[in-house]
Amino acid sequence: MRFHVSCALEYEARFPSTLILNVHAQRTPSQTILDETFTIDPPLATTEFSSADSANRFVRIESGAHRTLVVNYAATVDCDVHIYRAGDVAVTPVAELDGATLPYLFPSRYCQSDRLSRLAWDLFGDIGNPHAKVVAISDWIYDNVEYLRGSTDSMTSAYDTVTQRTGVCRDFSHLGIALCRALNIPARYYSAYAYELDPPDFHACFECFIGGSWVVFDATRLAHLNGLVRIGTGRDAADAAVASIFGSATCTRVEVACQLADRQSFAPIGRRQLSRSGVASTDT
Amino acid sequence: MRFHVSCALEYEARFPSTLILNVHAQRTPSQTILDETFTIDPPLATTEFSSADSANRFVRIESGAHRTLVVNYAATVDCDVHIYRAGDVAVTPVAELDGATLPYLFPSRYCQSDRLSRLAWDLFGDIGNPHAKVVAISDWIYDNVEYLRGSTDSMTSAYDTVTQRTGVCRDFSHLGIALCRALNIPARYYSAYAYELDPPDFHACFECFIGGSWVVFDATRLAHLNGLVRIGTGRDAADAAVASIFGSATCTRVEVACQLADRQSFAPIGRRQLSRSGVASTDT
Amino acid sequence: MRFHVSCALEYEARFPSTLILNVHAQRTPSQTILDETFTIDPPLATTEFSSADSANRFVRIESGAHRTLVVNYAATVDCDVHIYRAGDVAVTPVAELDGATLPYLFPSRYCQSDRLSRLAWDLFGDIGNPHAKVVAISDWIYDNVEYLRGSTDSMTSAYDTVTQRTGVCRDFSHLGIALCRALNIPARYYSAYAYELDPPDFHACFECFIGGSWVVFDATRLAHLNGLVRIGTGRDAADAAVASIFGSATCTRVEVACQLADRQSFAPIGRRQLSRSGVASTDT
Amino acid sequence: MRFHVSCALEYEARFPSTLILNVHAQRTPSQTILDETFTIDPPLATTEFSSADSANRFVRIESGAHRTLVVNYAATVDCDVHIYRAGDVAVTPVAELDGATLPYLFPSRYCQSDRLSRLAWDLFGDIGNPHAKVVAISDWIYDNVEYLRGSTDSMTSAYDTVTQRTGVCRDFSHLGIALCRALNIPARYYSAYAYELDPPDFHACFECFIGGSWVVFDATRLAHLNGLVRIGTGRDAADAAVASIFGSATCTRVEVACQLADRQSFAPIGRRQLSRSGVASTDT
C-alpha cells in the first residue's frame, strides 16, 4: 500500500537545547520512500543518523538562540507486508534464535519480562500455536487494561500497567512485549504512522518473532495491522521516542496524518481477521 | 598486556534445556585472541553467534537428555588500552553523539536513568571535566554502597541500589551507568575476566563515552582498570549475562581465573591513578 | 473450642539487643486464657505491654550480655467464634463505618490498596453479596498465587505478589487485605496459632468487616477457620511481627504447636463450608 | 497562642457519594476549641466520629442527589506547646517505648522505613543527640529535595522521594518519618492549619518521639513550629487525608486561613531557633 504521512511539531525552548527527533519513516526492503520533505522554521541545520541496531532515522536539531521551532515532515511511502495463515505458524525455539533476535528476549526499561514470568506462564503457557498465543496476550490486554489518555506518564512500565490497568498505546505495547518475552518469544516496540487512527496521532504497536518473521499486534485494536508506516523499532519506547530533549524544550503542538496515497482498495486487517491470518514484516 | 583466562562451569539440568553462555573473550581491534579452547562434557554440539549490536560471543547449548554439563573455556588474549591524561578530556556534547553511542543514553532494565535525573544533577551537575565527573560518581558509589555478597538478586536495579545501598559488582555498575546517563553521558555495561580479582570470579565494570572514547570505571575498586579481558558489552547485565537459561538448569560450580601470560611488568591503574589518568578502549 | 498452644524460639544475639515478641495469645471477650507460661533462658526480666489500637500483647526483652536466648510460651485458650449463614450477610456501607473500622480501609505498608483499585473492581466489582465477594477474592488468590516457601522476604508487598504470584501465608493475607480495601471493605491482618496446620508454624490469615462483624478468611486454605488462636491483629504484618529486633539477633529455631485441649469433637470449617457459612469473631 | 482557623471546600459529585472529611481541629489537653462552626450547603446531615487510635475528628457526609457541596469550617483554638532546650534531650531507647509509641516505629504505606535503613544509618547514625539527629534529617531533606507543586501524586512515597527528590509538604514529611523510624525513632504524620503559611493551604509536618515527648519538625521550613493548629495525627497521610471520597466527587475549590486571634506578640520558632530549642507537644 502507498500512504501519505505527515506531522507538524512545535517546540518552545527556554534556552539553547538539543532535540533528537524520530519521526522519519524507515527505509527498509519492505518500506520504500517515494518522496519526502523535512523542514524546520527557522531553517536550522540538522544532522541525520541511524542507530546501530535498527533502521530508526534520527534527526538532531540545535535550537541555538531560537525560542520557537516548527518542524514539518511529509512523505509518500510504499509499504509491503506479508499476510500469513495463522494455523501454519510454528514456534521458533530459542535454539533457533540468533544474534539479531536474541536482544529482544531480554528485559528492558519498560518491559520487565523477568518479573512477569509466572503470570505469563499461568495465563498463556498452555497455548501451543504461537500465533494463537500472542493473540491471546493481545486480547487479555485489551480486556483488562482500559485505554485512558493521561493516566500514565513517561515512567510507566509494564510492571505498573499489569496491575494498575490503564494506559495508552505505549503502555499496551510494553505489556504485550513483556508478556511475550516472559514466554521466550522475542518481542519489540514498533512506532508508526497509522491509517485511520482516530484521533490521528503517532501510534505504537508491538512485534513478535514467530514462525521466522516479525509479526505485528496491536493490543489497543485502534490500528489496522496492514495500515502502518514504520517510524521506529526498539526494545521499548526508550529506543523510539518521537523526541528526546536535552536542555529545556516543550512540545506545544502535534499534528499527525496518515492517508491512502490514491484511490486504492484497502482491506483492513484487524482483530477480526487474526483468527485466520496474521500480518508479518517482509524484512528479516 | 597478554592474559591467560579460563573458566569452568557446571550445570545440572532437570529436563532438556537451552543454555546461552557468554564467557568467550571478545574479538575486537583492541583485543586479539591468540589461542582458545572451549569444551563441553559430554561433548554436545554448540552454536556460536554474536549479537547484532555488540561483539558479544554467545554459545548456545542444548542439554538434551544429559543431566550434568561441564563447560571449560580457556584463552590467551592480547589486550590493548589507551592511557589518557585526565585533564585533557573534553565533554562530548549530545550534539556529537551518533547512532553507535546514542542507545547508551537511554534508560534500560537495570539502569533507570530517567528516575535518577535530579539526584544525579544535584550531586554531580557542577563538575565540568567529564573525567572528574565520572570519578566523582564512582567515588560516591564506593563511599555509599556496601559491597555485600548475597544482598541483591537478578531483579535488583539501580533504582533499588541508590536507596538500599548494598550490592555486588553488577549493582555498582548499574548505578554508575544510570547516573552517567542521567547526566547525558553515554554509559554501558562491561563484563570481564579481571586480573588479580580477589576472590576470582567474573567481574563487571562500566564504561562511559567521554572525550570521544569509551573509558572504563570500576566503582567497586576491586579490579585494575588495565587488567580486564572483555567478555560482554551491553546496556546492562541483561545483555551480558554469563548464562541465560531456557528450561531448568542450575549452576553448581563456577571457577574463574585470569593471569598474566608471561613475565611481564604490570603497572596497575586503579583509583589512585585516576586523578591523573584514565583507561580508554582503543576501539571506537 | 479449647486449644493448647505453644512455641519455642531461640535467638542468637551478637551484641546487646532489644527483642519485642508478639507470641502471646490475645485476651479478648471471645478468647479466654485459662493458663499460660512464658519463660526465658537465661531468666531475663521482661516487660509486657499492649499496643494502643489492638489487644496485641508485646513482650520486650533486653538480651544484655547474653548471646543465646531461648523463649518458651505455652497456654490453654478457650476460643469462641460465631458461625453465620453466608446468604444473610449484608454489605456494610462506608456510611456505617466508624472510627474503629475506618483505619482498616486505608492503604498500609504491605497492602497498597490504592494501587490495586482498578484490578479489584474489574475482577470482583460485580459480586453483590459481600461474603461471596471475599470468597471470590480468596479463591482468586489461591488459584493464581503459588505457595512457595522462601520465594518472598520481609519487604514483599501485595503490589509485588499480585504480579509475581508466589508467596507464603503472609503474602496471601496481604493480597487479600489489599483487594478488600480497594473494594471499600475494611480488612486486617490476623496472626494465629492454627490447629492442624501442616507443617506446624505461626500462621497468618485476614479478616474483613462485613455484615457488622470481623470475618476470617484464609487464601492459603491451610488452616481451619474455626481452628485459630489469635495472637496479633493489625493493618498488616508490620503490626504483628512475631519478633521485632533492635540490634542484632538472629532466630535460630522455631517450634510451634496447636492442639485440641481434650477429647472434643471438632467440625472443621474450611473452603468447602464457605459456600454456606462463614466464621466471624464474636468481638466487636 | 490563640488562632482563628477556617477552610472552605467545594466538591462536585457526579453521583451519590460518601465523603469523609478531616478538617476539624483536634480537641486535646493541649488544644482547646473556644468556638467552632461547621456548615454544609445544602444543609446535609453529617456524622462525626473519631478514629480508634488518634484524636482525629472525621465528618461523614452523604452527598445524596446533590451535585455541588460547599463546606465551611471555622474555629478559634488555643494551642499550647512546650519549648525545650535542645541539648537536654535524651534518646528514648526502644526499651522504654510502650504500646502508644511502638506503632509509629513500624513501616507504613508511604513511609517504608524498612527499605531506608542503611541509608539512614549511613547518613545520620553517628549523631548522638536525638534532637540534633532529627534536625540533621530535616536539613538533609530541605537541602536535597526540591519543593515543587504538582511533581508528585497521592501514590508517591518516601521510597520514591528519596531518589526523585521533588515533592510537597506531604512528601517532605513522609521522608522525615521514614528516616526517623529507620533509626528507631518513633515518628508520625501531623496535618495542620499553619500560621503565615504562604500561600495559605493545609500543611503537613512530622513529629518524633524524643526525650519522652512528641516533637514537631518541618522539613519544608514553610511553617512556624509554634504556629500550628493540629488537625490530624497518623502513621502517614493515609490516616489524615483532608478528604476520603467513596464514589465520585472532585474538589473544585480550597481556601484555608489561619490567623492570630488577637493582638498577641508571636515569637516564631523555625529552623533558626532549632539549634538551641525545640517545640514539643504538651500531650503525652
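Chains: A, B, C and D, in written order; residue numbering restarts at 1 for each.
One rule holds for everything that comes next: a residue touches a chain if its C-beta (ideal position, glycine included) is under 8 Å from a C-beta of that chain, and two chains touch if they have at least 3 such contacts.
Since we're looking at a predicted model, the values are computed, not measured.
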item	value
Touching both chain B and chain D (chains)	none
Starting at chain A, fewest touch steps before arriving at chain D	2
Separation of mean Cα positions, chain C and chain B [Å, integer]	45
Chain centre separation in whole Å, for chain C relative to chain A (CA means)	47
Centroid distance [mean C-alpha coordinates] between chain B and chain A, Å	30
Residues of chain D touching at least two other chains	115
Touch relationships between chains, expressed as pairs	A-B, A-C, B-D, C-D
List of chain A residues in touch with chain B within their complex	18, 20, 47, 49-53, 58, 60, 62, 93-95, 98-100, 102-103, 105-109, 111-112, 114-115, 154-155, 184, 235, 238-239, 244, 246
Touching residues on chain A, where the partner in the complex is chain C	115-116, 118-119, 122, 144, 146, 159, 162-166
